[in-house]
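The same chain A turns up in both complexes below, where it pairs with chain B and then with chain C.
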Partner chain A sequence: MKKRTFGPGIFIGGFLLYMLIPIVATYMFSVATRWDRTILPEGLTFEWYKTAFADRWFLIVFKHSLVISLSTVIASMVIIVPTAYWVHLRVPEARPILDFISTLPFAIPGVVLALGLIRLYARPPWMLARTPAMLVAAYVIFTMPFMYRPVVNSLKAVNIKVLTEAAQSLGSSWIRTLGQVILPNIMPGIISGGLLVFATIFGEFTIATFLVGARFKTFPMQLVYYTRRDGRIASAYSVISFSIAWVSSLVILWIATSWAKRSSSGGSVVGKDISSR
Partner chain B sequence: MKSVPSHHTKRKGRWLDWIPILPFLLLCFAIMILPLFFMLWGSFTSADGQFTLQHYAEMQASIYAKSFKNSILLSGVTAIIGVAFGSVVGYFICQLKSKRAQELVTALCDVTSNFSGAPLAFAFIVVLGSNGVLTLALQKYLGWGIYPEFSIYSFSGLILSYSYFQLPLMVLLIIPAIAGLRREWKEAAFGLGASNFQYWRHVGIPILSPAITAGLLLLFANAFGAYATAYTLTEFRYPLVTLQIGFLMKGEVFRDPGAGDAMGILALLLMSISILLYQFVSKRGIKWQR
Partner chain C sequence: MSYLDLIHLRKAFDETVAVKDFNLQVEKGEFVSLLGPSGCGKTTTLRMIAGFEIPDNGSIVLSGEEITSIPSNQRGMGMVFQSYALFPNMTAWSNIAFGLRVHRVSTAEIKRRVNELLDLVGLSDDGHKFASELSGGQQQRVALARALAIEPRVLLLDEPLSALDAVVRVALRNEIRRIQSALGITTIYVTHDQEEALSISDRVVVMRQAEIEQEGTPEEIYIQPQTPFVATFVGTINQFEGILKDSERGLVSCCGGELELSITPDAAAGLSKGEALTVFVRPEEVLVGDAGSQDNSFQAVLRSVTLLGPVTRLNLELQGQTVYADIRTIDRHRYVLDKSVQMSFRRDSCRCMREGEALNENSAHH
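Then we have the complex of A and B:
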């Protein structure tokens, strides 16, 4: 009855090749001496990494991207977590409004967000648009769905109303309730959201290049610069960028699966369903 | 007697309850809503402050019209490629015997759907650029020169590199829907004498159709808004909506702010429609599956 077919193998095999070849090739290219005469690289070298690290710009752009990404993660947590908690506890009628607002960034291309901010805030009365602070504010909005959804899903998974009332009947203040009772319970959502925001912002090129540009060069800007100047150094930058992205993704997946095993209620705590463009 | 004042304080309390949300709402207003409304206003205002439709009329100029045509084509084609192949790959992943293999391929999709922008574009230059590893290998070992018919810096290259982040996203979207296809339905259909084709034509595809439609809409928006991948590959040489907007605001002084605003608003309109329809369709899909 059962026919042996090659369809599944061909499709999955082809898919895996398409997904893996560009990544593997970039990793190999970054440690290859010469790779234009033979099917495999002629030798192994760390020269390109050495050259990349020796350039003083490397540390500068890495630090800039790190500072911007971490600031965005912290600002996003500080603004979104208490808001989501409060809305779920006390203002349920605002929930649809927040759910709607939190999906808006999906509909705004980064380049359009940058255009709007520059048009409005880069004019004489303000002159705010081209500052790192404005970049962080734009990033908090741009990545809002990544933080809001996992946090909301976590809030739904635990009974925050009962937890809050229990804490308060024992005399706990609002701040203490949030910090010591609610936060530990929704940690997986917050960490997943934070990692996704971090990975997205660390690799974000478009908004950064238009808002701050050469005034505050970030890692992806330098990567794009090298793709035109020196492919070897660009490959070292790409590998670092790739590695940060996949390590973050794997940690998020690991949190999601280990949490799903622990809690019976199911429901993904990871809110990602659109890529980071 | 007692219920009246408590009702009163409760009402007052309800109003005060909104205050802690204000910082969040203010941020959204200042960083997202206000700039977009300013763009909308700018797109209808001439240089001397009068109402005008001229900026939208300008969109008929060949470069803008071409950008919209290319962007819609690129997003549409890669959405269809992503949905078609992504659904099939997703189906075969669900059929894998080993749970471990399923998890591994899904994890790969999760990782690769996040690979976009400059590193992705560069990876494709390494593989299929004019001196790319695969380009040279094909030339040397198969005598097949893919250039100049194919070029990673042109439309064909954009299709190939955009499909790279579209495909795994679709796989992630379709897997839950395929997992919702019950074995009993298939058995019932076959028990009644249906062929494999008839099962898919009358049972499988109709059940998956909300997920497929949602996938098309989301993938379209996903590609339409992309910038960094196309910029790294083509700089401003290939006319796309996002690249054209970027080109207009490159540098400190705007060449043509009104045209930028009009383009931005039109792009926003297209994206919003896709995303709203996507949410509508995927919510209906969820309701249906219950």
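Then we have the complex of A and C:
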């Protein structure tokens, strides 16, 4: 008979508790009537969600964050996907440079990035400071690794050089090759990159506050505002924010697994993208 | 002027010269193989024809039209890759239809052509399948059909069978030849497999270190190799290094005088007495047993036996030198390991070469 060991169970259990307690607590706090005098909440209510939804700012900040996140995703795709493709196809020797640049946002704190951008773009001829457009521009930089990595992994998984040559020999223009041959085959990478960018931007506070501040309130700014007024409404906001991130993650997972069924190579790469996050 | 003219092609990557002054004329409908070890420049040559590499020098002329700098997507070359390169997001049917769609062929015509091609490559029932659902051999058939769909001016195949199993490889190579002959399509075939090149080509171009070593029909390449490299690269061959002792009688002294070989005076033409040379004999020319030839008859010792299929290769030791002799496998029991056997070969089966060149007068030179 197999000997039972508790070691791994303790570690896994400890890890799960560590990860889940804050989330579960936030959920419970968002549906609790009161939870400061007892061990468990005194009662359950949806009052805080109602209050959150009833606030006229809710829809505004939700829309702002949605627009900013989606714009960032689109801008990021348009800039990064063709660049990564061309570099991989035509200037492979420049790959390490691009790999290095794509990690820079991890090294530069958001505050530094924001202040630097304000100093650069607040003066003529740009005059972009404190506009949503500038926020999107900053976010494209900030989230570059999230888009670049999955796209590059997908590019590596399909032999884009040979596929491009095959399409060319059949008479295809480069734009058709990109649209009909390359993009469909790296789509898992693009989609998972896009969802990672979306989830990251939707909950981003620091850069948004520094760059646009109160002139363009986003969802996390409203969340922070409520933490100072009523923690339970703030919890409701947090849960909504979590949910959006989770739905994004589920969609990534679903795409990864369904792709894995279709082609073994492509799918495993998307899987890698997620696990490396 | 021939159909496809490759004139003084040269291509270097950084310091490495991949192709050095390559000249070749290919006639319409001809099947030409570029054969050589890896790194000999055969693939680079093919890629220059396809337009994937631009030559540093020289020109490519296709039916009178200079195409050296025309982009690959306007050359009308059909290409088949070693890695199949099917578009993974499309079915076999759509892969074949891709080139036709690019060329704005009508839907009805696309349907007709694709079904016809699927039929031609024996995959009529598999059009709906994705590449991942097809075996390697089937994928390569689809890739072949896809390249043929655009009715290419030249069909280019880059080691198309290297990734396949031996059985599939032989079946598919015969099929490639059958389809090529039926369609009369000009074909350039790159391979490192000499058996493949010999079996399907009208003409074989043997390359080595960025240059053409020899070109000719498969028979010329095998029977009349012009250089030691061709002699040893194409098939197996026995080599005896020696010194010409008597040019009139054709006597060669080998193994420090222990062995005297008799060659035809023709084979030794151009060599003077005392000159060093190498004598080449194919294993199938070496006869074992009593029924041998009188020209070069020796006692050797059988050291090992390799079964190759219908033929069995005997590894004989003659004066410290290894000699291969191919016998019919059904005769293999006549010989016993480590026992002495009688071996011989006819003098006119010997080819002689001085350092780097052939010496046989009657060999066809191109």
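Everything that follows uses one rule, which is that the second predicted complex is superposed on the first by the 236 of 277 C-alpha atoms of A that agree within 3 Å, B and C clash if a C-alpha of one lies under 4 Å from a C-alpha of the other, contacts with A are read in each partner's own complex, and residues count from 1 in each chain.
The working rule: contacts are C-beta pairs under 8 Å (C-beta built on N, C-alpha and C of every residue); 3 or more make two chains touch, one makes a residue touch a chain.
Keep in mind that what you see is a predicted model, and the values were worked out from it rather than measured.
J.: Looking at A:80 after the superposition, I want to know if it touches chain B, chain C, both of them or none. Which is it: first, second, both, neither?
T.: In the superposed model, A:80 contacts chain B only, not chain C.
J.: Examine A:168 and indicate which partner it touches, taking first as chain B and second as chain C; both and neither are also allowed.
T.: A:168 contacts chain C only, not chain B.
J.: Quick one: classify A:70 as touching chain B (first), chain C (second), both or neither.
T.: In the superposition, A:70 touches no partner, neither chain B nor chain C.
J.: Report for A:128: first if it touches chain B alone, second if chain C alone, otherwise both or neither.
T.: Neither partner.
J.: Looking at the overlay, what does A:184 touch: chain B (first), chain C (second), both, or neither?
T.: Only chain C is touched by A:184; chain B is not.
J.: Based on the superposed arrangement, let me know which partner A:231 touches: chain B (first), chain C (second), both, or neither?
T.: First partner only.
J.: Of chain B and chain C, which one contacts the greater number of residues in chain A?
T.: B
J.: Would you check which partner chain A:251 touches, where first means chain B only, second means chain C only, and both and neither mean what they say?
T.: Neither partner.
J.: Given the touch rule stated above, what does A:60 touch, chain B (first), chain C (second), both, or neither?
T.: neither
J.: Scan A:176 for contacts with chain B and chain C and give back first, second, both or neither.
T.: second
J.: Once the complexes are superposed, what residues of chain A are shared between the chain B interface and the chain C interface?
T.: Chain A residues touching both partners: none found.
J.: Please give the residue numbers of chain A that touch chain C in the complex, ascending.
T.: Residues of chain A touching chain C: 158-159, 162-163, 165-173, 176, 180-181, 184-185, 262-264, 266.
J.: Under the touch definition given earlier, write down the residues of chain B that touch chain A in their complex.
T.: 17-18, 20-21, 23-25, 27-28, 30-32, 34-36, 38-39, 42, 85, 88-89, 92-93, 95-96, 105, 107-127, 131, 133-134, 136-137, 140-141, 164-165, 167-169, 172-173, 218, 221-222, 224-228, 231-232, 242, 245-246, 249, 257, 260-261, 264, 267-268, 271-272, 274-276, 279
J.: Once bound in the complex, which stretches of chain A touch chain B?
T.: 7-8, 11-12, 15-16, 18-23, 25-26, 29, 35-36, 39, 79-80, 82-83, 86-87, 90-91, 94, 98, 101, 103-121, 137-138, 140-141, 144, 199-200, 203-206, 210, 220, 223-224, 227, 231, 234-235, 237-238, 241-242, 245-246, 249-250, 252-253, 272-277
J.: Considering the complex alone, what residue numbers of chain C touch chain A?
T.: Residues in contact with chain A: 50-52, 71-79, 81, 83, 85-89, 98-99, 102-103, 130-132, 143, 146-147, 149-150, 156.
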